[in-house]
């Protein structure tokens, strides 16, 4: 059953906003961050109005309620990606911190000079820079699975790289520029056959596609709440239990310890070992409300709505003279259309579209190497989510024609 | 002019809560986390309803508005502690992450095997464990300024430790157990004379006392929004500019870079260099609203209200047979009263008090070494803030008498 | 709630029936809860049929940790060791007759954790024993 | 808003008066905005009185970056170099006649940053030049 989008949009207060008087918002920037339903906003509001207390060590009612709410949120997030247990969800600030956590702990124990980490050319800076830093510090080598002209990964070269027995393969499940949905299960299977561990950047896949960590057999999965209807300030790292248990702690402080003496400490059990200090408690509650909301809708329904929208968007965009959309055809990608418009800079495109209330992003979208690969400094990116309308695509197309007229 | 507490309490919805039907809340756990005024709750609510977008790279209206709100919050926090510039405020998750940031970046560049870091015996785990980790990894030595029986630091021994030319003196401005307000300016002055850098754990001082980083001449200051009326999920590190500029980045990813290529990157300017990935945007907005609220009240008024309450609390508590309050007399401490009750475990005390709606904390309050020093496993801690009432002290005292009766 | 401190808890805390140490013993284990310093030590003597002939606990800590240890030993004396191995969190809650938040649950379950680590002959007590 | 793209900007973007490169020149500087790939190069010739005799810009990028460069050069020809050193962000905004968000401001100010780094003879352009 297709989603009733106009009804569902009523859940998102910001979608009724006018950018300027008389100019309604068409929000086509969900890949950067998603809008929030009332269920999420209200859950946090309610938390602060009724339950707020610090967690994990308190005996009083508020502390017990807060702790229970925080841990219930962990269980919801675990269930959402089918993690075997809630303890395998570590709350972080965002995808970026989750990847850095692995780089600072697992990688610094398990990788040494000369070891190989395989990445891809389509990675977001968040899955590049932590490895640059590790490489500079430890002499770890980095190699990159190339992106082909059609926006797909070159799996032949991937196989060739695996023959060099990398220790880790870290890659995005979905490109935030090309929209490419990578064959995650296959990439992981091949990596495991070659003896490599795997880290999946799920910043774009977890919000938009059904994700089952057990079916994927992934070792680490990183994602952000703010891209999946949840609040800013919280994200998660999933990890296989033996890996998490063997990892040294990351940040030191309250809650991540079992005991502390003046000169030493004993780390706490997983996941607390990795959550130092007062965590993002209200944000966890909001994150839990977001996955509840998504589960009620159903991730299959979300994905198929986005399939429909992106197919329509590509069809309409590609008929505009001078527009070039990057990435694979609709059936191989999520709801992301990054494009160039001949002779007109993406910043100008985005700013003129903003004049009609159309919110798109222009720039390198934190994937500068990918843009370098395609020989362009920037693209304009329109991206979609469960609340996106075909009429918003029409608005976008009309807006692009106006841009062309202005630059005539 | 004294604060009109009953009126001010109307700003805090949770303070009207009944813990159970007919049992109103007496929240005496603000040292763990503070309650939030409507101004803060509503600022975040409004952000999600009208402004939410990802920041720093967007051209569209929402992105520009969000960016402006996020950076305005940084400026407010800077002004609150009299930082010379907003760029010297790095948003972190909490105090703990702020201290770890210094330990992972500044300390790993500037400290080597055999170098000395001076801490104190009253530190919170957040200002111990990061240094334990550094010590284990790099062979840095740790020494501790002792806490005397009266809860004050032994400054003679501090001076003696300075003669061993430590590279860093890291200490709390206010103990979260004893309440001791340390002579921060003097400790810093002496450290600088000895050539040491200084890090102040301001988790308890920034919420409760006027703090001026320029007057203190402190090198690094760490604090958390959630303890000063703001949201969870955000805190801050202040640093002197030349130090921040010389420090390597901490986490790698989006936003903390100027340019990224496949195999290397150029870090961004301060403070962005230290803020990787999508930050806690709504939380920054809430943090800004919290400091606005505190400034409207005035930190001098906050501090003197707490002075009055703690003086009254100590007077009342000390007249109860079997109660022993730890720490210095009221005029040398903030609004924290940690105590033991002869023969009755703090957990039992706290739980029975909870039966009357009184929220106090029991345990080691993340200061286990300090409790070891005093030869006790745990204390019961009542703590106060700008919204605390004398009647709540009376309730506490009455509750303690009930505990004694039950254990009679 | 004061009813948490129903007479049964205060009573077993103030007048424990099984406080002490058996010597000789067949089973011995001790552990603590670092959060609050609670400490429990348990000694058991078995009879020839694999039953608990007698038991004692010693330790210090809050009323709930000490009372639940006393109630627990009381409940297992003359029970088969195999049955003791099956005891769960719920059994302790039933003995105490109260609902507990997560922090106090740790106090209440410390003695069960120690007991099970002992009867299983483990080197270390783990939270898995009481899940 | 389309009015951001008032004729003046589109006009200076499409028909720049000062695009090119002076050879020989007395002052030369170039820099780019990594965020969007905008690039600006400026060459100036001075006269004997410390005035700007002539100037040109070259580069690529969005309409705002290129138009503001053209407008900027237009505004400084025959001005004393000491006056050029005093130019501020506001002067550029006045030339463009529009309000800009932080991202587009960087586009608009790139030419000023390049110009000031050039006239001050700096090795590197810094954002401090345009604050």
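Lettered A, B, C and D in written order, each chain numbered from 1.
We take it that a contact is a pair of C-beta atoms (placed from the backbone, for glycine too) under 8 Å apart; a residue touches a chain by one contact, two chains touch by 3 or more.
Predicted, not measured: the structure shown is a model, and the values here were computed from it.
The fewest steps needed to get from chain B to chain C, moving only between touching chains, is 1. Taking each chain's centre as the mean of its C-alpha atoms, the one that lies farthest from the centre of chain A is C.
Put simply, the C-alpha centre of chain A and that of chain B have 31 angstrom between them. Averaged Cα coordinates give chain A a centre that lies 46 Å from the centre of chain C. Chain C and chain D have CA centres that are 79 Å apart.
Multi-chain contact residues of chain D (touching two or more other chains) are listed as 34-35, 103-104. Residue positions of chain B touching 2 or more other chains: 20, 57-59, 61, 63, 259, 347, 351, 354, 362-363, 368.
Pairs of chains that satisfy the touch definition comprise A-B, A-C, A-D, B-C, B-D.
The touching residues of chain C, when paired with chain A in their complex, are 34-35, 101-104, 127. Residue ranges on chain D touching chain A, taken from their complex, read 1-5, 10, 14, 34-38, 61-64, 103-104, 107. Interface residues of chain B, counted against chain D in their complex, comprise 56-59, 61, 63-64, 67-68, 71, 258-259, 266, 269. Residue ranges of chain A in contact with chain B, taken from their complex: 13-14, 17, 19-20, 25, 27, 29, 32-33, 35-36, 40-41, 44-45, 48-54, 57-63, 93-97, 99-100, 103-104, 121, 124-133, 135-136, 142, 144, 224, 226, 231-234, 249, 251-257, 259-265, 276-283, 347, 350-351, 353-354, 357-363, 365-366, 368-369, 372. Against chain C, the residues of chain B that register as touching in their complex are 20, 344-348, 351-352, 354-355, 362-364, 368, 376-378, 402, 406-407.
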